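Listed below are the structures to be examined.
There are two complexes below, and they share chain A, which is joined by chain B in the first and by chain C in the second.
Let's turn to the complex of A and B:
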């Protein structure tokens, strides 16, 4: 018990950030699962964080209500942005969502109620490690159970071939927007958790580099199954601490190691780290390829 | 008439890909659609399945106008199709591809799955059995758990037909189902189409393989330069001078 206590005293904030990053990675996963390459998750997290923080500070709203409002507003913005933007495909969609993220960041910088560049200061620290991991468990489980449901099948078909999906009767616009809105809601919720964890939030924390980090969590972990993004987030968030443990402290080397991991994964595990667990089935070329479907 | 196409025109810029095409397909009929390359066959199939909208003209399914509907709504009316360039879901297994094709007939609600209700498991089992039956229909039941990527060319064609059958369509549109296949594969798909027709399935079949399409179709419509050249029985089509001209040309004076 004492050892656990000591561990949390040293690594408590790391454990919290791993949980938050896992949630954010899952939010992007929801959109990627339907084949939509979005760089907007960080901005949705920002919308959730500021909404929840401002509600708690200015109106004294209860914590859970603030979180829900943050998720809801992010989802609404996702709906408004998603309807026009999801007409674009691939890299064009990525650029459109990226510019949306910049618009959000610059708006937050210039609005009074958000505290501008100085950030929103004095948010009560009410988010607990238990709260984060309970949320992660509930949201992770809910996403895992999408597989095999109508929504899960539609996401998968659209990701694989949008034209064929439509010809089978899938309303592709509806399900693409749904994946975008669900992702925005989860990101907004995670943002709210984060705001109540850190006392202060600034616009830069929800910028382009975070959006790219979330994408990297997904790529490194793999988007074939729901736990891939979580795996990526856990590994890459704890990486600086692991490196410090083996004596590497310099910042630039950390980035280089990040890049190296990404490169190795793309080269040798194009479906992400999760494909290590699927390897056994693939050794036999005639064997079942879709073990997960089989057990569903 | 299950399907009626009336004066359908489709332009791409200045090009008239379809120019007043009309045809009708009776319930339970296998109807062939032939014509030289660029005649507008695939464009017509794309209009019928809603992937592109007609510039003018009407399409009726069971006397109800359907030409203004988007793709997914046309599919919901019972029109299923395959693609000339095979569009399977490569990351899914064969069984997965067919189960994906059940979208219109399998509700698969989320909440019973979320709470592991027995009804979800029971339905999943039923859908799996139905999908296996579709695979057996095209002779792929032994490959149910193979990745769609691992199939041979002919098997992919058959898997695409199985996926289309999974939605229990009223009208099946097949775009060159035996393109580039050798005799064995052609015969196999021919038997499949025959047995589907025997069960009363209405099929519109595009094909370049003449003996194949002549052998299967009750009626054939010939397109040339986006226009209907004629509709008739295979014998009428085979003997018609315009058809011979469209395919072979008439020597020097045909510019």
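Let's turn to the complex of A and C:
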């Protein structure tokens, strides 16, 4: 047990961040699963984080209630934003969600209750490693169960060909908004966990670069199965520590390795790192084997 | 009144730089239907290389400027070879191209960080001699005039080039339909490569002018203009050159006017992104965009 204690003393926060990043990656995965490229998940995480943090600090709300409220508000905003925005496709959707994210970030920066640029300081640290990984297990399991369910098939159908899906009688608007709202809720929940983990949150932590990071986790891991984003998040979150372990400490090199991994994956493994295992597992994988997102 | 006039003039100058940046952005989108998120990284590297040539190389700015433009043009060719050409035949090349451009952006930025350091750097004082003029109470510097002159010259040259020259016509043909262009004997890959050359060269020019105007260059200066550039090309209509120019000017003006009217710079970007969001929802093709059904 001593070795375990020592490991947690050194890498405890890393383990926590891996869990949070996995949850955030899964939130984006839910939206990507229906073929919708969103760059707004970081903003939803921000909404959840600030809602939960403010509720706990200002109203003394119980921890779980704050988390639930954060997820709920993120989902509500997701619904309001998703309905008009999801009429757009591909790059246009990405840019619309991106500008939504920027508006949220600037709004948080300019209102008083959020603490502005200095951030929200003094959120009680009540999130535990167990809490994070229990949530990850529950949410991961639910998402895994989604595959093969009616909702899962509809998502996949829309992802492969939206026009054909609509022609087959799938209510594409409903399922697209559903994937967006579910993603927002998970992101908001993960944001709440994060707020109660770090004592302080600032608007910059939920900006464009984080949204891109979440997309990178998904792409590197692979977006055809639910554990792909988790794999990507685990690998890329721990990458700085791994590189430090082999003696690379320079910031630019770490960044370059990040970029290089992404480039190599998209060039040679379009379905992500999980496709390495899949290829070995069975020769004829279930479902269409071409690259995951069409016309994105 | 004079203050307002001054702000309008300033907005016009910064709008020119935005326009120049956005023209390169939109050119690639027009030809490839592909969002090149590495454009901002090229802009940054361009500015920094220009500075290096002046500062370390001891070249006068009029010699350093074209050299840096050339360098970034070559960088654009590299970008096309490494990140885009291998993906061109894929069904989801828009999506995977977006991802690989993010990867290249990370690699370029880490290169800039490694080569030039994270500090904010300036052009040496005697790089350009600046005169100040007072026209009816409005201050104009010779640098501003030069920036506008160079921007207009470059945009005019580009417009003429696309309209009249053989390569320019080929670029437009490929933008219209690459398969037909190939059938007609146009060397499509070469045309795409030259598009990247021109686009990156223009991005670089914007980088140097931006660096001269604000007299501050840093490896992360691309971040803010990246989002603004996106806003500009959406506003003007994806793929439209005049749209990008007008959009850039409108964006520059909206920025300074927001600051002038609200008295603070806090909401500067919020107005711009809100406008972008609304434009996307109401008229996704932008002001000058081609009417095009973006069906699968």
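Structure notes:
In the analysis below, the second predicted complex is superposed on the first by the 280 of 296 C-alpha atoms of A that agree within 3 Å, B and C clash if a C-alpha of one lies under 4 Å from a C-alpha of the other, contacts with A are read in each partner's own complex, and residues count from 1 in each chain.
In this text, contacts are C-beta pairs under 8 Å (C-beta built on N, C-alpha and C of every residue); 3 or more make two chains touch, one makes a residue touch a chain.
Everything numeric in this text was worked out from a predicted model, so none of it was measured.
With both structures placed on the common chain, the touch criterion links A:100 to chain C but leaves chain B unconnected. Touch criterion met: A:153 reaches chain B, while chain C stays clear of it. Of the two partner chains placed around the shared chain by superposition, chain B is the only one that A:145 touches, whereas chain C remains out of contact.
Touch criterion not met for A:54: it reaches neither chain B nor chain C. Among chain B and chain C, the chain that touches a larger number of residues in chain A is C.
Looking at the shared chain after the overlay, A:34 reaches neither chain B nor chain C.
Of the two partner chains, both chain B and chain C are touched by A:163. Of the two partner chains, chain B is the only one touched by A:171; chain C is not. The residues of chain A shared by its contacts with chain B and with chain C are 161, 163, 290, 293-294, 296. On the side of chain B, the complex with chain A involves touching residues 49, 51, 70-72, 75-76, 80-81, 83, 87-93, 95-96, 99-101, 103-104, 106-110, 113-114, 124, 145-147, 149-150, 163, 167.
Residue ranges of chain A in contact with chain C, taken from their complex: 37, 84-85, 87-92, 94-96, 98-100, 102-103, 106-107, 109-110, 161-163, 208-209, 212, 215-216, 219, 250-256, 258-260, 262-263, 266-267, 270, 290-296. Partner chain A is touched in their complex by these residues of chain C: 35, 82-83, 86-87, 90-92, 94-96, 98-100, 102-107, 109-111, 113-114, 118, 223, 227, 230-231, 234, 238, 266-267, 269-270, 273-274, 276-277, 280-281, 284, 294-296. Within the complex, the chain A residues that touch chain B are 142, 145-146, 148-151, 153-154, 156-157, 160-161, 163-164, 166-172, 224, 285-290, 293-294, 296.
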